[in-house]
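The data blocks that follow each hold one structure.
Same chain, two partners: subunit A is paired with subunit B first, then with subunit C.
This part shows the complex of A and B:
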């Protein structure tokens, strides 16, 4: 075993020596800069699209890759002019146990199983790879507001491809909170859909699969801290789980409502907003999606009710009445049985005497 | 030992009605309580045994239809047959029932040495019959409202449906409690009857038992017969 290991190390050593030898002849960043610091440098793609080849080197030198040479990533940029470069493969450095000291993120597996990764593997050129979300030259830590994966920027990043969804999300209650009010507790795309492990909504492993929706929403909407801080209605998730919809979905029914069936997927608004699917005038239409012929009476009364809480109003009092009625009936019958048995015992003893 | 003389107390139609009622009640109670207590392990187990929450609903509605059928049949049975009409008249509450019930309590507590003299139906029998009638009626009405809630909501507001659900749910529990604790005690677990009275199968009861338990019925129907025999 030891011998094999030594041989492997030797091989690595030789390969790195040869790589080192190659890089000696490769262009330096300075050389790249000659052309690529020109803001007008453009390239026409085969499909007619024009893309800029300008690189803001000043910004690049503040990114996490500031110490890297252009050719470390653009390995095929060996000759001038460097034409038809292939897409950069981030995995050249970012793998577990790499010697370059790059963060050994093992998100690739998650990405490979995701809807994006699978599409890429099948040859879909539109599907995003690492650089499409993380950026290419200007990668920053996600805590940095310049980062494309910074929480406040994620909607724009995803929205670059998912244009229609982005246009709906950005005016929704979640989008407004995150973008206009800078409330970082509000969900961006990744909070509901995941980051590298994004699955299609029809995939049972998806965070937004119909049985998972209430779990995903509950991460915030059943979080007492957030509920108090942002004055979110108190127990929508709990009451949903106790309702027929919630119980049915728990036991595997596929045709009952989850949170987004009523509150919409991306176009979520507060209930007092006329754009909301649960605005009082819109409720018959919303309920009518599953209950054909739903009347305006569907809107007369609260939807999320907990009969055990006083806020439920008359429903609370009716259920309290029945609760005590049930208890007293039980108690009365138990007393009756005990007394009856006692009497029978007495009669029997008398008979025996 | 001398063979007991058995007398017919319930007709076949009554026994069939009772049997259908029993089947529908058992299915309704099992499927209903499973939904009410869906959080408990037993509720989960029962719902899964029933084939999921949708199948559970189908069983529950199937049994409900059976109950509705029995109720309608019973209604016409009372209206159109002389026997059942007479039985129904015997079932109507009378002032004597309150007296009897009071005396029964006194007897049980040991305050009175005399058991009330009962005709065919004792006050507790009548009470149970009327409880079943009223309970079934309420459960059928509330159940139908929940079954056809979209249609019901053409008239009723949503909060009324919520109250209906609470009522249906709790009434179901109360009915289950009454049957388990009272009815099953009287006909099964009661030391006198254990393991069970056979009356619900053949409708027969021994003349001696009738004489003790229902002296007025005995006097009314069999006094003459018994005297002749002697």
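This part shows the complex of A and C:
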């Protein structure tokens, strides 16, 4: 009996030992917190950069991943001290049909074809992956103002890498409206460049490819609701498409102006702002980019002209003159022809009788 | 078969009915010359007369056919051979070549220009892809423009320095008679008057066509040059001048094209008298019939001169004989 007792004790011991061993292999969040709640925890990278390894656990517990354990993502963090961890792969949970219940709307395919995805695939370590835009520990729904992908925060998110562009964008009319005036209808980076499907501007599929610029701008600048609400100049896109610039670009001309050729790409300002490329004094320089030797004569007259409207000034009257001239002349000629044919028919009938 | 076919041609149904009507009328007139009849009686007599007329007509026809059968009358062919018409010179070779260059240039300009004006239509896209792009079309448009400007300058020199040109220009100048002619023609067309207008060398239609081209030419060439040499033009003029040029170029293009399609096509092609086309632009000549109908006064003038020439020739002969 003693032997049996010893064996049973031994079994309990072994079982408890193995259970203990299993739980030890997956450290709990509490264990990570021991070190990572220290704001001064830092790491020196091989290239000399110093990055913080501090995690704000209180903030993390309000994020969408609040119920996840650290080790679910940092799967290689099994030993202490956890050194040289690899970058987290979001696809471990976020794939179609996953059992963890993670959202599967992730646009990996669009991302893979985008300029960022391609660079990543080619081994560019600077190219952004999911966590570079969406954040790592503090991911929130994009409606949440804490989210990095919240509309108002997108410029900063992109600006983390695209510093020069961000510094220009934030003072532009679009950046001011979005960031200072909190007008959510104003475009962030993603509204013009796309989100996961960002392409280079020389890619014909890009939303900012030279033939696509007017389409992209038109989403807001030909939207009557927005135009009325924010007092944006009426019909710039329509008049552009009617102009020779618009017609030429439509039929494949490569060296013709699109919206951003004149209004600038990111440094877009109102026309009465001296910083604007279309401020009256800057027009010769702006037009001169394509029309060498453009003088101040280029600024004497409106640019976006709709000849059917009175605002077009003298163009309106020229257009009206020709409209009525054409109508009246054609009407008179057609009436004459009808009378002539009618008379010929009468004469012919009489002749037969 | 042969005969029966001829028979039908000789006595078409229309004339048979007409003939019967005439005979009926004759008999009726004879019967009712001095009578006053009641309506009922009138109807009855009318019926009788109708039957009688039919009988007589049949008899008459039978007799005639019998005659024809015996005599085997030769029936003249229905269509007489057209006599060789006298032709008058109308357009000199010089003018014909000018017209052809004008026509070709204008066609090129219309074909390459309209797709820009109506760029939203599907065929604009089709046209540009077919021709090899907007750039090719633009070059062709300028080739057309060069042709048009060239022929315009040549025409001005032609008017100024050639005898023919000066004479034609004098004839083409608008006169009060043109307004009068138009008024007469309108009255004629509306059936108010029976007389037609009599025209000299150029009708008001031709004059309108000619001067319309002048107006179009001035607008299109001036505005076109501004658009062609935009950089240079904007060194001299403010931008709104170029905008006016663009608007005018586009609008006048439509006016000119409509005028060609509606007015010129009607007068030179679709008009039943000209269909399928007035061949003068190729042959340079005009038939006597057309001359009489459309340029009566000129025709009379030519005939007078011919008579004078003939008389002079006769006098010359007489003198020779005397000599």
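Observations on the structure shown:
Going forward, the second predicted complex is superposed on the first by the 313 of 353 C-alpha atoms of A that agree within 3 Å, B and C clash if a C-alpha of one lies under 4 Å from a C-alpha of the other, contacts with A are read in each partner's own complex, and residues count from 1 in each chain.
Note that a residue touches a chain if its C-beta (ideal position, glycine included) is under 8 Å from a C-beta of that chain, and two chains touch if they have at least 3 such contacts.
Worth saying up front: this structure is predicted, and the values here are computed from it rather than measured.
Superimposing the complexes on subunit A yields a three-chain arrangement in which subunit B and subunit C clash.
Look at A:229: by the touch rule set out above, it reaches neither subunit B nor subunit C. In the superposition on chain A, A:182 makes contact with neither subunit B nor subunit C. Shared-chain residue A:109: touches no atom of subunit B or subunit C.
Contacts of A:34 after superposition on the shared chain: neither subunit B nor subunit C is touched. In the superposed model, A:295 makes contact with both subunit B and subunit C.
In the superposed model, A:270 makes contact with neither subunit B nor subunit C.
In the overlay built on the shared chain, the residue A:205 is in contact with neither subunit B nor subunit C. The intersection of subunit A residues touching subunit B with those touching subunit C, taken from the two complexes, comprises 247-248, 250-253, 291-295, 297-302, 305, 307, 313-315, 318-319, 322-323, 325-326, 329-330, 333-334, 336-337, 339-341, 343-344, 346.
Taken in their complex, subunit A has these residues touching subunit B: 247-248, 250-253, 291-295, 297-303, 305, 307, 312-315, 318-319, 322-323, 325-326, 329-330, 333-334, 336-337, 339-341, 343-344, 346. On subunit C, the positions that touch subunit A within their shared complex are 116, 119, 124-125, 128, 133-135, 186, 188-191, 230-231, 234-244, 246-248, 251-252, 254-255, 258-259, 262-263, 266, 271-273.
Residues of subunit B that touch subunit A in their complex: 35, 38, 47-48, 52-54, 107-110, 149-151, 153-163, 166-167, 170-171, 173-174, 177-178, 181-182, 185, 190-192. Against subunit C, the residues of subunit A that register as touching in their complex are 244, 247-248, 250-253, 291-295, 297-302, 305, 307, 313-315, 318-319, 322-323, 325-326, 329-330, 333-334, 336-337, 339-344, 346.
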